[in-house]
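What follows is a pair of complexes built around chain A, which joins chain B in one and chain C in the other.
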Partner chain A sequence: MTLTFIAIACTAALVYNRLVPDRWRGWMLMGASIVAIYALQPFTAIRQLDFVLPTFTLVLTIACWLFTRAAGPFAQDDYAALLFTVVLVLAVSATRYLVPELRLTSRPPETPLVALALILTAGGIVLLWRTPYLAHDRLSIAMLMLIALLVMIKYEPLTIGLSSVLRSWRGQDVTLAASTDWSWLGFSYVAFRLIHTLRDRQTGQLPPVSLREYVTYVIFFPAYTAGPIDRAERFAIDYRALPALTAARLTEGLGRIVVGIMKKFVLADTLALLSLDATRAAQVTSAGGLWLLLYVYAFRLFFDFSGYTDIAIGIGILYGVQLPENFDRPYLRNNIAAFWQSWHMTLSGWVRFYIFSPLSRWLLSKPKRPPLILILLIGHLTTMIVIGLWHGISGPFVLWGAWHGLGLFVHKVWSDRTRKAYLRLRQRPRLRQAWTVLGVALTFHFVLLGWVWFALPDLESALSVFRRLFGL
Partner chain B sequence: MDETTIREQLRAYITRDLIRDESYPLTDDEGIITGGLMDSFSLAELAVYIDKTFGVYIPDTDLTVARMDTLDQIVARVTQV
Partner chain C sequence: MIGWKWLTQPPATWALVVRVIVKAALWFVLFNLAFAGFDGIEVLNRVSLYNGLVPGRQRLPYGEDSRAYNLSLNSLDAMFASHVITQPKAADEYRVVLIGDSSVWGILLKPEETLAGVINAAQLTLADGRQVRAYNLGHPILALSKDLLILEHVLREDADLIIWLTTLQSFPRSKQLDAPLVQHNADDLRRLFRAYPLNYDMDDPRLSEPSFLDRTIIGQRRNLADWLRLQLYGAMWGMTGIDQYIPPDGEARTADFEADISWEGYSEPQPLTEDLLAFDMLGTGQQMVGEVPLLLINEPIFMSDGQNSELRYNLWYPRWAYDRYRARYEAAAEANHWRYLDLWDLVDGAEFTDSPVHLTPAGSRQLAERVAAEIRTIANRGP
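Let's turn to the complex of A and B:
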């Protein structure tokens, strides 16, 4: 998200609140979000992929809505939303006939070709939807396909292989194939939103949502790039009653945006000059210098991500949608479980709902139940390794996840064993305060050391930094 | 099963198996999770217990601090079905 984009979003919010009648606001948000996903998608080296990827995001979203909707006739609003989406996609593709400065992407494919591709894709989706023998497994198949797509864009050898295939097909230089050819903006978040609705439909938890509500929820432009990961039923409540922009909301929204800009573009970007990365790690010779780089990295990461979230929430407020919070003073938490309840809260909530809790319950319910301690270890390790893999399929991310999984496991065992003593501290406030301060320092440094896995590109350099941090 | 029986069974289970201190005086409106007495794994254990004992399935998305923090909230969730 650039400063230009933020400025456009803020200016458009004022026009939207001043000129758009209440009943058209939902449509405006949907249309703005569709246009924004093309505008935000970075240029890709493979020709026209920057048009194809956002279009595919829309196709997946509409397919998942179709699979998750309850039986019954389609509403007029759903037909209108589908038509609106198709018209906007064709309009974006028609920008190929304009001067490059007026295009949202690099030169899109020819509009008739896009129309034909959309018709064929729609036919395929309807076929999948109406095939009776797939009826029972359709939701599971859709979830597996989304997971497969996530693996495809996050596992470097696969992305390079796929890039080679596409380059060869497009008549481009195959030797230049790189994982960066597949920068599918926002898909990690889109996939988790879609999986949430598919899984909730499977368990009967998803309330009915219209196509317009569903598409806007999945690609809502302030949260499209990097979250927060809202929940469909919560988003729909806001979307159905978009409030007028009062002075209080304007102040709140702009205030969050200003705070976010300060955090992301001033603090984080300044700290980035002294933040840990492979090059600086190789240049620094002393352990003290490495510790400094690591502290700076930890705060840069926090200010960058929480600043982005502030901006997203602020823009959401200007348009009448209250996105969920993602950070709540995470570096001041006195244990690792509390840290994960306050760092990237919507992601940790998602994995708790769809991985940790169902996995733990399944293991706890087995007739031959494994020992409790083993269930605990499996639950925490699996959940946190999934979070690691979501960031990228590589050894350091797996180890970062395992680091936190083990941390959560040890904390749980420790807190179960020391709970009585901890409760007695309630009568001794000073001692309790000292214990809390110690907990904050310990938790912060555990998280800090974990960032070594996160910051460095391979295991060898991460292990080298660990050795040097402790003078080994 | 009446509400009082459900409440007392839940109170006994939570103090014995989750807080692991049967003498703990757990009150009806005390924050069990926010007070540091239970965590997300305990919530999963509690959900399995409620399913087996009362035949009430609580979805994973309901196992949150906002909905299951006090004994009052847990009893309300069990008896609402």
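Let's turn to the complex of A and C:
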């Protein structure tokens, strides 16, 4: 999200609140989100992929809605939403006939070709939807496909291989194939939103949502690039009653945006000049220097990500949608469990809900139940490794996940065993305060050291930094 | 909302919103006016973390490669504030300042491999016991006007000897006002034009006067960002000592040329008159330094023995132009009693890197040996 995009979104919000009648606001949000995912998608080296990827996001979204919708006839609103989406996609493709400055993407494919591709894709989806022997497993298959797509864009060798195939097909230089060819903006978040709805449909927890609500929820433009990961049922409540702009909402929304801009574009971007990365890790030889880079990295990451979240929440408020919070002073938490309840809260909530809890329940329900402590270890490790893999399929991310999984496990065991002693501290407030301060320092430094895995691209350089941090 | 009560607690009304916007706008205008009125950027550029929190730089800031902790900026004050030369002079120090172009700055050389670096490594001691300490104040722009601006700043730093290395490419009069660094320091240059007999038009459109708006925070946003970036890079410079990315396999200078003798748009040999070459800038430099000895050096160039080398010495210089320039320089030095060394052929051809004047570490050592001998001679001779 650039400053220009934020300025356009804020200005458009004022127009939207002033000029758009209540009944059209939902449609406006949907249309704006569809247009935004094309505008936000970065240029890719493979020709027309920057048009294809957002279009594919829309196709996946509509397919998942079809799979998750309750039985019964389609509503008129759903037909209208489908038509609206198709018209907008065709309109974006028609920008190929305009001057480059007026295009949302690089030169899109020819409009009739896009129309044909959409018809064929729609046919395929309907076929899949209507195939009786797939009826039972349709949701599971869709989830597996989404996971496969995530693996494909997160696992570099696979991404490069796929890029070579596409380059060869497009007649482009195969030797230049790179993982950056597949910068599919927002898909990590889109996939988790889609999986949430598919899984909730499977367990019967997803309330009925219209196609318009569903599409807008999945690709809602303020949260498209960097979250937060909202829940469909919560989003739908806001979406069905988009309020008029009040002074309170304007103050709150613009306030959050200004704070977010300061965090992201002033603090984080400034700290980026001094934060840990592979080049600097190789250049800096002193332990003190490496600690400085690491501290700077930790704060840069926080300001960058929480700044984006503030901007997303602020823009959401201006349009009448209250997105969930994602950060709550995480570096001031006095244990690792509390840290994960305040850092990227919507992601940690998602994995707790869809991985940790079901996995723990499944292990507990096994006839030959493993020991509780083992269940706890497996649960924490698996959950955190999934979070690591979500960021990228590589050794350092797995180790980063394992680092936090072990941290959560140790904390759980420790807190269970020291609960009584901790409760006794209530009578001694000073000691309790000192204990809390020590906990904050320990937690922060545990998280800080974990960022070494996160910041560096390979195990060798991460291990080298660990050694040098401690003068080994 | 978690942690955001401060934003939502006051009873927000439209009147409050308008008041906030009006007040914010007024404060913004006021800050800008104050910043412009007090020349805020001038004050800020003299503030530096270098030589305090972080070590001073061995050479002036220059370059834009993310792998090196350096940047090109327009403020000479900020550049000097970051340089090690602004540290107090030691009692037994004989301060030698080297000014000039990219060959002095040391393109493709580490700070310790530059001319100044090699002289310092030699740890020269003079007859009176003073230690020679050389400072690299070169800057990779080919223009004598830029050297004069740097010289003006150098004179505040208590130099005992100034060495000014030049090459023909810095002399064309038509190019003297082209460099952005010169244009952004137009006020300083105009002051020099007024103080010394320099043949330039003070109203040249390239030397535009900054408007009041240009001096506000808005107008100075680029310079403010540069200042901040320079300070932040200080930490990385201090930790790594890296101020230039040196590619492992650099591009070599060309040794074969077309049969072409053109130079600066002249396809045929021309007399190198006063209108064409800015020798008056060297004279001005001599006047500016006053009692401080100034040594002028015609720096070494690459001499090709490749194709058409009978027409050109190298990519920059056809033989006719360079030979005439040397003759003219020699004559000017003699007529004006300048201390002058012509070291054009001092360094072997193999010791040049990507341009006709950029040296390898070995080439730099060759040059340093000769310059160090001259420093001893001048210093031991006394004022």
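The definition used in the following text is that the second predicted complex is superposed on the first by the 472 of 472 C-alpha atoms of A that agree within 3 Å, B and C clash if a C-alpha of one lies under 4 Å from a C-alpha of the other, contacts with A are read in each partner's own complex, and residues count from 1 in each chain.
Note that a residue touches a chain if its C-beta (ideal position, glycine included) is under 8 Å from a C-beta of that chain, and two chains touch if they have at least 3 such contacts.
This one's a predicted model, so the numbers in the text were calculated from it and none came from an experiment.
Peer 1: Give one word, clash or fit, describing how chain B and chain C relate on chain A after superposing.
Peer 2: On the superposed model, which is not a single observed complex, chain B and chain C fit side by side.
Peer 1: First (chain B), second (chain C), both or neither: which does A:D238 touch?
Peer 2: Neither partner.
Peer 1: I'd like to know which partner A:D181 touches here: chain B for first, chain C for second, both or neither.
Peer 2: Neither partner.
Peer 1: Which partner chains sit in contact with A:R280 here, chain B, chain C, both or neither? Use first/second/both/neither.
Peer 2: Touch partner of A:R280: chain C, not chain B.
Peer 1: Based on the superposed arrangement, let me know which partner A:E325 touches: chain B (first), chain C (second), both, or neither?
Peer 2: The answer is second: A:E325 touches chain C but not chain B.
Peer 1: Does the superposition put A:E213 against chain B (first), chain C (second), both, or neither?
Peer 2: A:E213 sits against neither chain B nor chain C.
Peer 1: Taking the superposition as given, does A:D50 touch the first partner, chain B, the second, chain C, both, or neither?
Peer 2: neither
Peer 1: Just chain B (first), just chain C (second), both, or neither: which does A:L292 touch?
Peer 2: In the superposition, A:L292 touches chain C alone.
Peer 1: Quick one: minimum Cα-Cα distance, chain B versus chain C, in the superposed arrangement, integer Å.
Peer 2: Nearest C-alpha atoms of the two chains are 14 Å apart.
Peer 1: Could you list, by residue number, the parts of chain A that touch chain C in their complex?
Peer 2: Going by the criterion above, the answer is residues 246-248, 250-252, 255-256, 270, 273-274, 279-280, 283-286, 289, 292, 325, 328-329.
Peer 1: For the complex, give me every residue of chain A touching chain B.
Peer 2: 200, 203, 205, 231, 337, 349, 352-354, 356-358, 360-361, 364-365, 376, 379, 412, 415-416, 419-420, 422-423
Peer 1: Help me check something: in the complex, which residues belonging to chain B touch chain A?
Peer 2: 19-21, 24, 36-37, 39-41, 43-45, 47-48, 51-52, 59-61, 63-64
Peer 1: Touching residues of chain C toward chain A in the complex: what are they?
Peer 2: Touch list, chain C to chain A: 1-4, 7-8, 10-14, 16-17, 20, 66-67, 228-229, 232-233, 235-236, 239-240, 242.
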